[in-house]
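Look at the two complexes coming up: chain A is in both, with chain B in one and chain C in the other.
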Partner chain A sequence: MGSVTATVAPPTDPNVTRWFRTFGAIAASGFRRHATYGQAAVAGVVTNTVFGFLRCYIFLAVAGAAGTVAGYDRAQLGTFVWAGQGLLAVIAIWGWTELADRIRTGEIAADLLRPVHPVTSYLATDLGRAGFASLARLLPPVVIGPFFFEVYLPRHWATLPLFGLSVLLAVVVCFGCRYLVNASAYWLQDVRGPMILWTLGSGVLAGLYFPLGFLPGWLEATLRYATPFPSLLQVPLDVLVEREPMPTELGLVGLQVGWAVLLLALCRLVQRRAEHRLVVQGG
Partner chain B sequence: MAEPGATGALRAYRALLGAQARSQAAYRTSFVVDLVGNMGATVFDVLTVLVLFGVTRELGGFTLRETLVVVGLSSSAFATADLLVGNIERLPRYVRTGLFDAVLVRPLAALPQLLLMDLPLRKVSRAVFGLAVLVFALASAGIDWTPGRVALALVAPPAAVVFFAAVFVTTATVSFYWIDSGELANSVTYGGRDFTSYPVTVYGGWFRALFAYGMGFAFVSYHPALALLGRADPLGLPAWVGWASPGVALVAAAVAALAWRVGIRHYRSTGS
Partner chain C sequence: MSVIEMDGLRKEFTVRVRAGRLRREKRTVTAVDGVDLRVERGEMLGYIGPNGAGKSTTLKMLTGVLMPSAGRARVCGLRPVADRTRLALRIGVVFGQRSQLWWDLPLRDSFALLRHVYRVPPGEHAARLARCRSLLDLDEFLDTPVRQLSLGQRMRGELTAALLHGPEVLFLDEPTIGLDVVSKQAVRGFLAELGRAGDTTLVLTTHDLADIERLCRRLVVIDHGRVVHDGSIAALHSRYGSRRMVVAELDAALPAPPELPGAPVQRVEADGRRLVFALESASVAEVVAGLAGLATLRDISIVEPDIEEVVARLYRAPAEVG
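On to the complex of A and B.
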């Protein structure tokens, strides 16, 4: 049997609004799907809050009597930690194995028959999920934190919109990474290895365990420019606490755009390669 | 329930464990990847402490060498407890899928069955690494070894293991009442691990009071480390508190046993 690309060619109809309407509908269904897990969201917020306390106290102890460390003052560290705990759920850094599971079980075949490219449709679902998480998971820690710790409020008017854009890009970058990790199931069946590497690497290198500014300068710069990880948490959080002057922040968000485009292109490439060799399991 | 004799039960448990070991070793590559990956998690915990000390000379009044004793006690105990009973984390899934019903109708105690049904041998690497950190920390902290301190160094780690094991079991029982509670247990188990990785002087206010003394996490690593290092508690508790960890661990184990019994009695099958 010759190889067949399973993904249906996208409609040649140049109607962009229709594409957006489809994308929006899928995103909305992603939002609704996650909105049904109310209990899980509450449990998640409690956990984020506990870790918010832990990390905040630890970083403040690192800042010590001097009150500043690696360019963050105490209030900036507070915002970094509490917004970071919320962002963790918005970008859904861990635990997404849906694509890998569907590849292993063969259910992926149903996705390939749809007239929407799988990368596009999974991205839309993920953006819907992120939209719900911004309300249910980002807002609570951001509101709870200031009751117990000093936090930094942005001073420049442009910071908040830029932060919003940066978070959106972080979701796309994180989605791209997770899609690639999951897509390794096309070749490996068992994705536990890549998944463990991703879980280990992403937390440390994204700036969750400590702001990457705590690392030696050359290492931070290497991570920032050579890997997508800082674009997941470190960049949006640095934008929010205005650690850098505005032009630098714009540059960092530009870097995120670059990673987002690159990763999505890579996802499509990997998907195409995979479809050429895919044998759907089961009957 | 027809209770088999003690030897019969033992043989059944050994069969469960043997089946586990064989099935996990069958996929050799996956097993090696898991071994390495699991160790990585603890390696990063220790690395994080080293990175923090890269930008500060002391943390809550403790130097790096002193803090490493706290880290060693915490990570070796958590990793060992996670190896032995950490799988109880899966209880919510067992309850949801109805597997727990099958466990209950067998003529063996439910808790040992659950633990042996899925003993994660891959986590051995993590426990070994934690122990290595502890030994290194104890050797390099310049401890003035007395017979008493040697005894404490031998008793405190197993006591901490018992304590963490009790925490795992107690938090898992929440899922008897609240099935979607998975992540909630993490806030106390993994939260407790992170809490005990640093001197409690780092924390403040009611949060410290709650975790350190309300739940007893201060006795896992902080107070034993103070006693080993011969340091007075900056928070003013007397020196003998460092020796209280076995007692606290026993109390925690009793609480866990009680919570488990009450939880099982409350259990209603999800009917699936």
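On to the complex of A and C.
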């Protein structure tokens, strides 16, 4: 058994390259894990597309004959809806209860036994999942929408890279929010209550059900600057439809960076507090 | 320095119990109650106890998953909770009732991912994986997603996953639970070979005492969170008075169980035609001679001390036998 047992001291020195390699490998596994569920992806695309038609007709009706509402013209509303339908699966605003389930069943013990911090490990997996969703769930609605509705194409060369960055940050911010909601299982065991609040709150406040521009100015500003929710969906979509001047868009993406850093730090703090009072369910 | 050190290790949980229609009271439950233990490098330690005795809790404290309420623990010289990430690189853990593999991925992909997670050089990883593939017959299901594996296959995968980074200490929490005879033999054979090499320390908790008899020279029995035995299996038998049994098959039942000095009757079976005597001070020859004068003997057999029996007695009344 010589080759199976411990013969070489494992590396313990911090090494940025090694860290990124580990992070990349976990992210790649997240991509592969979700790529195994092809039929679920197809079902999701069909659902998103059907709801895309409904939302688009409703928003265009709100715009009415004037053709504009809250600073969006008809083409911008088209892009807002169809890109939003695709982004919904990329940021995975709903339905992620893996961490809460693992806490409830005690499987979380296996996560804690790995030499990677749980927040890092789950984040890497989530970015891999988002990568798969970008191909399988974002592209189809974005391609289908323009066949039936007028859409807005970005005019500034920097918009698309900024949109990509904004989506990446939206995934991280959404991950942070979902991680915190799931982590409430350390205290509550059953997370159905926080999950219902999150589902309702995030849908309304992230700009999914309607662009936040539909709200009174003071309320929109409060939500935009004082809560992370607009960073999930509203900000990337506003960047894509170039609703604001470029400096303002850069500021909004900067705000996303702030929320991402703050939420990840909060996740680590909550995780540390939880580990000190952890009870592994099921012996 | 011992590879595992525990000094007064203690874990308490607070549970809320109903104390009225609306009122709930907090109650403290002590799962591990001041365990002192040293385990040396290369030892194979059996850590057993009845359900709820504190075995798994001890293992979780030693692996850094649970924070001890009091006491001190060191594994490979590290503090399990404070140094958990560093410790994870030096230990392997198999939970029989939980999986450390990725449910959606084929076993091969899980192993490849573990190489990155544990930052194992490719050559070492390949050598260890090749060895495990050959010893645990992994090849036939290496490309099967973990969710589709049988329990026996998954457990072989779990063992491999726990060893690919070359741990110095391997913690096994009921690794043979639910396995069929063939899978149990495969797992035991693998662990026995691992133990023979002598450079991996094994801590094994199990309810299957055959695992312990086959693998461990040292046995620690824990009950109500306290160590009630620490020594060899032979020492357990001798300390708690395990006795050999003489089973006598008679032609016809006797009117009453015979009273033989130094060999009380333990059981009467088969309508009185089978008597089981426990050898205390009498020899087998004395029992046979004593019976020959009372009845016609058809057969005699001798049953060696049974570890399950003595452990069962220990579980039922540790204070009494201890």
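Convention: the second predicted complex is superposed on the first by the 271 of 283 C-alpha atoms of A that agree within 3 Å, B and C clash if a C-alpha of one lies under 4 Å from a C-alpha of the other, contacts with A are read in each partner's own complex, and residues count from 1 in each chain.
In this section, a contact is a pair of C-beta atoms (placed from the backbone, for glycine too) under 8 Å apart; a residue touches a chain by one contact, two chains touch by 3 or more.
Just so you know, these numbers come straight off a predicted model, no measurement behind them.
Peer 1: Considering only the touch criterion stated at the top, classify A:222 as touching first (chain B), second (chain C), both, or neither.
Peer 2: In the superposition, A:222 touches no partner, neither chain B nor chain C.
Peer 1: Have a look at where A:210 lands relative to chain B and chain C in the superposition and call it first, second, both or neither.
Peer 2: first
Peer 1: A:193 contacts which: chain B (first), chain C (second), both, neither?
Peer 2: first
Peer 1: Applying the touch criterion given at the start, work out whether A:117 contacts chain B, chain C, both or neither, answering first, second, both or neither.
Peer 2: Touch status of A:117: second partner only.
Peer 1: Could you look at A:22 and tell me whether it touches chain B, chain C, both or neither (first, second, both, neither)?
Peer 2: second
Peer 1: One more residue to check, A:248. First (chain B), second (chain C), both or neither?
Peer 2: Neither: A:248 stays clear of chain B and chain C.
Peer 1: Which parts of chain A are touched by chain B and by chain C alike?
Peer 2: 37
Peer 1: So in the complex, the part of chain B that touches chain A is made up of which residues?
Peer 2: 27, 29-30, 33-34, 37-38, 40-41, 44, 47-48, 51-52, 54-56, 58-60, 178, 180-184, 186-188, 191, 194-195, 198, 201-205, 207-208
Peer 1: Going by the contact rule set out above, which residues of chain A touch chain B in the complex?
Peer 2: Interface residues on chain A, with respect to chain B: 37, 39-40, 43-44, 46-47, 49-51, 53-54, 57-58, 61-64, 69-70, 148, 190, 192-193, 196-197, 200, 203-204, 209-210, 214-216.
Peer 1: Note which residues of chain A are touching chain C in the complex, please.
Peer 2: 1-8, 10-12, 18, 21-22, 24-26, 29, 32-34, 36-37, 106-107, 109-110, 112-117, 275-280, 282-283
Peer 1: Quick check on the complex: what are the chain C residues that touch chain A?
Peer 2: The touching residues are 13, 51-52, 56, 60, 63-67, 81, 84-86, 88-90, 93, 95, 97-100, 102, 104-105, 109, 112-113, 116-121, 124, 127-128, 130-132, 135, 145, 163, 165-168, 193-194, 196-197, 199-200.
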